[in-house]
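Chain lettering (A, B, C and D) follows the sequence in which the chains are written, and residue indices restart at 1 in each chain.
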Amino acid sequence: MSQAFGTEHLSVFYGDFEAVKGISLEFPAQSVTALIGPSGCGKSTFLRSLNRMNDTISQARTTGHIWMNGSDLNDPATDVIKLRQQIGMVWQKPNPFFKSIYNNIAFGPRYRGMKKKKQLDEIVENSLRKAALWDEVKDRLNESALSLSGGQQQRLCIARALSVNPNILLLDEPASALDPVSTGKIEELISELKNELRIVIVTHNMQQAARVSDYTAYFYLGKMIERDKTDKIFTNPENKLTQDYISGRFG
Amino acid sequence: MMIKKAKRADKIATIVICFFAMLIVAILVGLLGFIIVRGLGHINWHFLTSAPQMIRGGGGIGPQLFNSVFLLILTLIITVPLGWGGGIYMAEYAKPGKITNVIRLVVEVLSSFPSIVIGLFGLLVLVNAFGLGFSLLAGAMALAVFNLPLMVRTTEQAFRAVPKEQKEAGYALGLSKWKIITSILLPVALPSLITGTILASGRIFGEAAALMFTAGMSSPPLDFTDWNPLSSRSPINPLRPAETLAVHIWKVNSEGLAPDAKEIAAGASAVLVILILCFNLGARWLGRVAYRKFTAAKRID
Amino acid sequence: MKKKLPFMLTILALMLTLAACGSNNDASGTGGSSEAGGETESKLSGSVLAVGSTAMQPLVEQVGQKFMADDKYKEVTVQVQGGGSGTGLTQVSEGQSDIGNSDVFGEEKLDADKAKELVDHQVAVVAMTAVVNPGVSVDDLTKEQLVDIFTGKVTNWKDLGGEDQKIVIVNRPASSGTRATFEKFALGESKLADLEGSIQEDSSGTVRKLVAETPGAIGYLALSYLDDSVKTVKYAGVEATVENVEKGEYPVWAYQHMYTKGEPSETVKAFLDYMLSPEVQESDVVELGYIPVSGMQVTRDAEGNVTQK
Amino acid sequence: MGQMGKSTSLNHNDMKKSKRREKHYWEEWVGRIYTSICVVLLLVVIVSIVFFVSSKGLATFFENGVSLKEFFTGRTWNPDESFGALPFITGSFAVTLLAALIAGPLGLCAALFMTEILPGRGKRILQPAVELLSGIPSVVYGFIGLSVIVPFIRDYIGGQGFGILAGCLVLSIMILPTITSIMADALASLPGGLRESSLALGATRWQTISRVVIPTVLPALLTGVVLGMARAFGEALAVQMVIGNAPHVPGSLTESAATLTSTITLSMGNTAMGSVHNNALWSMALVLLLMTFVFVILVRLLERRNRI
């Protein structure tokens, strides 16, 4: 399962404004990479270009390469939909479908041709267990997903992403809209999932980055300043800019 | 001294605003009261079901009522797919820019076209050029043209009102855009779509100018037992002429020879207004119920 | 370009369908029944489409329903549309309908060559009389007095022997056949200008309602629309009765024309003959306030010169 | 805890667009074609209406030789002789402007009542009332006008009862819903903070409304009025019944007049297709069409200035 996944000189332009400037970053297998930096530094834009979600914004343009074991995901010939089926994504604001809990999870597999009920039930249970939500919802699977709390909804979104068995999971500030208890549950979840799939997480919360990630990259004004093992970054980073940000002198 | 003057001005303004607001309610109650009271006396089962009479009294509006409802169904069959399709294009597929603005401008122009112009266009194109003759189909297509802009606009607004995150979630799950539109966005937009469609039906039901030259001003005797759509006597043959309730009101009040023409017109107007009342209240109630069903969660926003 | 392809494709497909529809209209346009069974009268089938004058619509529609109810013509459907004499004449001359109902001669509306193609079937006579608001005391007007009123020379009833009351004219629009007939035969004028402040309504029902409600109002109505809400006025001493019209003493009348383009097809001919049959002329025509053509002792042609039958 | 089948390894060709199209490719294609058809059909219909109306409308000037000057400035309308359509154009404008003058303030009061004075209960009373007004068909409005408004004007205000006054009264009730709902939306879309800050400065509610609320949403309010006028300009049946239909510039508001739509409704049926009179009526329909464009462009200009 150890396939190379990383970017090479990746840039993202909104019209003629270059939000992300030529970033090359490699994501090792079974690891969590955290992207930190002041708001507006392009870390979320970078994350969104990995599964080409920027394509849905009409004026955005992505150049450079995203290598996934030899094939460049950014190549126009790549089938974007097949690509996105390999990469799951979760946002800051939980966005479950306006459907029941069961259907939220079963929607992906059913779309991919999984018709047998028994198999679907198994996937739903499997995904909810992985998202540590199974015990809380196992007897009200047919209730509307909107009846769950914020933390539960976010874990439901994670379960939904896992239901199609992606290889990579992108998290865009998954816990910043949640209470501390739910945030704790999400962080536990991330560290458990990492042995199954590669995780890239964007966060404002440096303690969270330190707790969950193996590698950390510091972004500033669209450029990647420094990328290293997490404890290296948070004890003595090479670059002075990273040092200032970590010690909270600015940003 | 200045404050007292300002306070007095505020009081006067409030009174004036409340007066005019109540005046509008009074106008409405007066109008509805006038129409319904004047017509109610004449409405009975016989009136609602029997065929109209040329000279003798006691004519009914049976066929006309059926024509109005059947024409509404035909029009919706044409308008809903086209209107929803057009609305989805404008909301989801149209790239913001010159062309989309031009399309939106042109659609808006069509929405304020006088219906008499659309009726005449129907006569020229649908009745004569397309050879449909005076028929329900020609009338339904003319009404569809008259109603499409409204449907496109309500659909576009309904789809734009769906939270953007739903679409993002769909994309990230690797769904095609059309799957996202039909299975994720549509169910959420459905309540306001249905309300918009029902309100549009109210307008279709009350339309007369566009129909005079397309669906015609007379309807052959209907044989309610014969349901094969091809025979010209059957009620559901879309190629037969059909005078709707609104057109009948116009015709009876202008050319009516029957002694009770005035009462027939009053009764028909009352029936028409009552039905439109049900449309409006139904749309409002359905919208509330659907909205409550959807956001069943305790989420109070 | 890939994105534009579906868009282009749909435009092309649409053009084709539009063209296809456009071309086949002449095929199905002629409503006339071509497959009329030849053997016996009773085998007739197909449809008859009559379009035109709203004034004639009640009569033709009632006779149509009786025609369809008659088991000899059970297979035939008669469809009567309104729209006005102009629409009727245009639709029949363009072959869009089998019969064009008109209350004026074709020559008055269509240009000469088109009018020549039409075959006239005069099915009834409609007489018109001037009516006034019941509050007006005048009950007899000479031709000159009527001309003075409708040309605006006289504007108050006291100049015509009535009370001091302003005259309110309730007229028809310039394009209406009823008005053309009234102006031609009651006033001996043609194409009178519309007067300032005159009210115009195309439908007889509304004219009757307005004359009945507006003090000092004068208008003109077909006999079939007369009721006690309006007061009829004698035309130079002659009462507008059926006998006077038939004898030719009361000149203000016009034929109800049912035009066909060339000789009518069999089914259409059957309907027109049925229309002229005594069974219709004596009952429906009279019942609806028209005068049977058979009863007329005088005839009149498009130019208006009367000949004793 | 079985895995849902071995996760497919991501080899190169797997990601390329395989020749045999995937299900989602066809889905996408169907979606794009279907929606494109709908929009293309809509545009074709609009273009053909404009084409038909203008081809017949312009025939008056090109084939029948009626001069544009006579049509737009001539005051006498006597078909086959003179085709001065000025009386109808003035009639249409007069009725529309007066209706807007009545319905505008009335609509503003209703909108203010719903959003400022009594937001909760006010909205529940007035909103359905206004929507029901828009539900009543124009045929019924016409007959109410004929049997209530015209006699009322004739008895209490004098004149014939018919005319511009009757027309604009009927029209103002008909366009009231359009104006009120657009104004209410505009007022509701105002950022809340604006009101609170003005009230916090000690301004009375009316000062807040007149000095803060209305000026900021003025363009949107005017949009409502313009759309109302567009609807009034195109109304046919209801106006024809109460306007009197005399083809002259009326001397007073209560004298029989005529509008473009009333004349079209009255005579289109009686004139033979292709005759000069018929073409002149189509020219009037063309004027109606052009006015619709003018109104919509006016709304666009207003919307551009309404950048809150």
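Heads up, the rule we're going with is that a contact is a pair of C-beta atoms (placed from the backbone, for glycine too) under 8 Å apart; a residue touches a chain by one contact, two chains touch by 3 or more.
The structure displayed is predicted, hence computed values, not measured ones.
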{"item": "By number of C-beta contact pairs, the top two chains", "value": "B-D"}
{"item": "Relative to chain C, chain with the most remote C-alpha centre", "value": "A"}
{"item": "Euclidean distance of C-alpha centroids - chain B vs chain C, Å", "value": "34"}
{"item": "Chain centre separation in whole Å, for chain D relative to chain A (CA means)", "value": "49"}
{"item": "Centre distance in Å when chain A and chain C are each reduced to the mean of their C-alpha atoms", "value": "79"}
{"item": "Residues of chain D engaged with two or more neighbouring chains", "value": "24-25, 32, 36-37, 41, 268"}
{"item": "Of all residues in chain C, the ones touching two or more other chains", "value": "54, 82-83, 87, 94, 201-202, 206"}
{"item": "Two or more partner chains touched - positions in chain B", "value": "175-176, 179, 253"}
{"item": "Arrangement of touching chains [line / ring / star / complete / other]", "value": "other"}
{"item": "Touch relationships between chains, expressed as pairs", "value": "A-B, A-D, B-C, B-D, C-D"}
{"item": "List of chain D residues in touch with chain C within their complex", "value": "29, 32-33, 36-37, 40-41, 44, 76-81, 146, 151, 154, 160-162, 241, 244-248, 250-251, 255-256, 258, 263, 266-275, 277-278"}
{"item": "Contact set on chain D toward chain B in their complex", "value": "24-25, 27-28, 30-32, 34-39, 41-43, 45-46, 48-49, 52-53, 56, 105-106, 109-110, 112-114, 116-117, 122, 125-126, 128-133, 135-140, 142-144, 148, 173, 176, 180, 203-207, 209-210, 227, 230-231, 233-237, 261, 264-265, 268, 282, 285, 288-289, 292-293, 295-297, 299-300"}
{"item": "In the complex, chain D residues that touch chain A", "value": "1-5, 7, 9-12, 14-18, 22-25"}
{"item": "Residues of chain C defined as touching chain B within the complex", "value": "21-22, 24-29, 31, 47, 49, 51, 54-55, 57-58, 61-62, 65, 68, 77-83, 87, 91, 94, 96, 201-206, 224-225, 227, 287-289"}
{"item": "Residues of chain C touching chain D in the complex", "value": "6-7, 9-11, 13-14, 18, 54, 82-87, 89-90, 93-94, 109-111, 168, 173-177, 191, 193-202, 206, 209, 213-214"}
